[in-house]
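Note that chain A is present in both complexes that follow, paired respectively with chain B and with chain C.
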Partner chain A sequence: MSLKSKIIFLVCFVGLGIALNFFLNSYIQALAISFMINSIMAMSLNFITGVANQFSLGSAGFVAVGAYTSAVLTKEVFNDQWYFIPLTALIGACVAAFAGYLVSLPSFKLKGDYLAIVTLGFAEIVRVIFLNWNHVGGPRGYNAIVKWPNFTMAYLFTGAAVLITLYVLYSLKISWFGRNLWALNEDEIAAEVMGTPIAKNKRTAFLISSFFGGLAGGFYAHNMGYISPGSFGFLLSVQVLIITVLGGLGSISGSIIASIILTVLPELLRSLPTKVDVRMIVFPILLILMMIVRPEGLFGKKEIWTFFKKEGGS
Partner chain B sequence: MIKSILSLKNVNLSFGGIKAVQDVSFEIHENELLGLIGPNGAGKTTVFNIISGFYKADTGSIDLGDVCLLKLAPDQVNKVGIARTFQNIRLFGNLSVVENVIFALQQKIDHSWFHSLFRTKKYLDIEATLRTRALSLLKIFSLDQLADTPSKSLPYGLQRKLEIVRALASDPKLLILDEPAAGMNHSETEDLKKLIQFIKTEFKLTVLLIEHDMKLVMNICDRIVVLNRGEKIAEGIPAEIKANKQVIEAYLGKRS
Partner chain C sequence: MQEFLQHTLNGLSTGSIYALVALGYTMVYGILQMINFAHSEIYMLGAFAVYYVARFFGLNTPSTLNFIIGLLSAIVACGLVGFAVERFAYKPLRKTDKLNVLITAIGVSILFQFGGQIIFGADPKSFPDLIENTELFNFLEIPFNVVDLLIYGVTFASLIALTYLVNYTQRGRAMRAVSTKPDAAKLMGINNDSIISFTFVVGSVLAGIGAFLVATKYPKIDPMMGARIGMGAFVAAVFGGIGNLPGAVLGGYLLGLGECYLIGYGASTFREALSFFILILILLVKPNGLLGKTAKEKI
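This part shows the complex of A and B:
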């Protein structure tokens, strides 16, 4: 992007935040923020599962670590000052990255799909720890977390987090590191013989992914104002996985589009005047349809902007 | 004076009950083309896998100059100067021809995360240089026209060639080729022969070559090591090997 288009983009981004504060009702505003947080989670998973091709089922675990770290820090260290939220979310992301590092140590020693099992176990362990940790509320959850003062702030900071996540993960995807990961999932043996340490590359990818999972957690906690172990169950990991698959494994920007769809759709369905929860029927059907019609997801491995212009780049 | 670049001493490896490699010792001299031959199942590929770090020898030693290879992982073996190809071609199929080569080249570079993340001029320059270097290497082997095609869509012979170019890109001292002529027709084999000789002189390389095609081996190798049932049964210049009774027996079966 040229400098001029960067400035225009920035002005639109900020202007939209101020304008929407007046024009949207609070329900739609909440939905918009929740879509942004979902898209960070999905991009995070997409980096490890889409770009690095390592199947993870533990998104919820990293989100939980980030959420609790960030919430506790804002309350107990920074006296509920909302402008510390970006900082505590960042610290939460680092703690999640460290957790990711620990998880990655045993996961990539052996070849094969051990990661799915290890991450699944990790997320469950995290949930059980918070469930039994009375200082952070145990099963009752952690309450009265400070929230953003208004929609504009929530929008600007969460939106910035989305853009940063997109930028970082996309830059890495098209960098030498992305090329390492790509070669590695084309042929591990050949990649290793050409001088790439396989486990080290996978670990690094996993650490990066965990970082952004944790970041999403921090924003989640301060958007909801309340978190409990129940918010970070297996269902959350599955939801994030569905978003990622819908957008296209390997398409970072695709995860954002899929987040919009899968955040808005359930709300539309919720308003249908039926007794049963239609979402439970529509989602599986949607998934099955996609597997048949477009198994590579909406965008495959490609980024959205490659569909608009000949050569890529941001 | 003859200088040895790689030496194997009393290397042994069994898989369960099968002694795949038994007490094998040989040396590769600097700048020579050494052929490793033997009937199917003789243990040739296994020797390659031990050298390149995929299998750990039960006993014995392997040294590249002063570097002991026994404890090194495959990526480290590459770093100390050995590159290889595979009996079944292993390209990165969905990566383009040039990216296969860039991948090999970029392993030699200390990338900075900072520069890659912010896509600084320095980073973009490095990327551009890598591409230029890859293209000029491909040009030597007349593959530059195909630079941006996915490598899996190359014809078989060219895939073999690209695999060799990719190995060369990691700038090895020793290049080891596992049956590069496998599946090739007569004229492709002729081309391959020229290619190997060309690389050896042009890149001042030492080459270890596993080959089934006797004519090819006898034609181009400086010396030959013969394996049979995991054991070394002969070693010498092509003329000696041709005349060796044990070798003839191993290939044609014992006459009763």
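This part shows the complex of A and C:
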């Protein structure tokens, strides 16, 4: 991108935030923010599962760590000042990354699906810890977390987080390190023979992924204003997984498109008369059908912008 | 002392159930190297099949005949569901990446859980009384009931039957061949698809028997009952060495005992985390599980 188009993009981005504050009703605004947070979660999972081909089922655990860290920090250290939210979200992300590092230690000793089970277990352990931790509310949850003062601020900061996540993860994907991960994705033994440190690369990729999971958690907490261990169950991990798979495993920007679809779709189905959360019927059917019909998701491994290029681009 | 014995007994009975379900996980993993997340939902469907069969025929009195009908309906229903899931969800993906099968398995599992909540209703149902749970004998003032003994007996009978099936029959040899090298097995004239289907059906039948026994012991069933026991059973299988039949049973008992001591001595809220804590420990210390030694031992 040239400097000029960068400036135009920035002006549009900020202008849209200010304009939407007046033109959209609060319901659509809330949806827009939750779409952004979902897309950060999905991009973070996409990096480890799509790019590095390591199946993680513990997104909810890292989101929970980020959310609780950020929420507790703003309330107890920064006196409920909303402009500290980006900082606390960043700290939450670092704590989540550290947790990710700890999880990665036992996970990559073996080949196979152990990471899926360990991360699933990690998410469950995190949930049980918060459930038993009375200082953060235990099963009642953590209340009265400071929220963004208005939609424009929420939009600008969350949107910036989405763009930064996209930029960082995409750059990493096409970097030298990312190519190592692709090699590992294609053929682990061949990658090892070529001299790439596969265990170390997997650990690094997992750390990066958990960092962004934690970041999403911070924004989630301050968007909702209330978090409880129940919000970070297995179903959240599955929801993130479905978004990632729909967008295409390996397509970072595809996750953003898919999270628009999967944030809006359940809202359209909300009017159906069932007692059970209808998302949890539609999502798995979608998942199974997609695996059979189009396992590569909407965009496969390609990024969206490669579809608009006239030539080259793969 | 008496309290300790009581916890031990509860642990053994919980452990037997974990063991029965873990045997199913380990069978499927042994042959396909795939975690069948839907296994615990097949277990849940088994309990509901018995519930609806009993309601349809109006069986609600303890008798041998009713017990057998209940057991058979669990076996048939689970076998059919296991077959159908394999045929329609996993088989089309046999040639693709393993990750896709795993994702599908999660999809099937969630679909059954929430589909069950819509079709059966989310509230717990009371399971019919098909066997009289009388006290057989009393040891140090701890009662031994019919159902408990039945659960132990069935677990060990299943372990012996499966070990025999896998190690000493023609079909078992075919299963081991498919597990070791699917392509070579095909060249040797083995029908891989039918062996894999057969493994799924056997695993699902075990889940059905387990579900029937659990529902007889704790007569409250709901669509999330599989999710509660599933991960524990899977951890038990990994704990004992996944792919290894006696390992699954050993892992199930150890996990069941651990959970019951934890509940008995006052940390019940941490119960759900225990199995995963054990899992992480075992992966750090002995990644192949307690009994898992060589890859050749996989079914």
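Quick note on the criterion: the second predicted complex is superposed on the first by the 293 of 314 C-alpha atoms of A that agree within 3 Å, B and C clash if a C-alpha of one lies under 4 Å from a C-alpha of the other, contacts with A are read in each partner's own complex, and residues count from 1 in each chain.
Basically, contacts are C-beta pairs under 8 Å (C-beta built on N, C-alpha and C of every residue); 3 or more make two chains touch, one makes a residue touch a chain.
Since we're looking at a predicted model, the values are computed, not measured.
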item	value
First, second, both or neither for A:Pro197, with chain B first and chain C second	first
First (chain B), second (chain C), both or neither touched by A:Met280	second
Chain B versus chain C as contact partner of A:Ser171, first or second or both or neither	first
Touched partner set for A:Ala183, first chain B, second chain C, both or neither	first
More chain A residues in contact - chain B or chain C	C
Chain A residues within the chain B interface of the complex	168, 171-172, 175-177, 179-180, 182-183, 186-187, 189-198
Complex contacts: residues of chain B adjacent to chain A	52, 54, 73-75, 77-79, 83-84, 86, 90-95, 99-100, 102-104, 106-109, 111, 116-119, 123, 127, 166-167, 170
Contact footprint of chain C on chain A as seen in their complex	49, 53, 55, 57, 105-107, 109-110, 112-114, 116-118, 120-122, 124-125, 128-129, 131-132, 235, 238, 241, 245, 249, 274-277, 280-281, 283-285, 287-288, 291-292, 295
Residues of chain C touching chain A in the complex	33-35, 89, 92-93, 96-104, 106-111, 113-115, 117-118, 122, 231, 234-235, 238, 269-270, 272-273, 275-277, 279-280, 283-284, 287-288
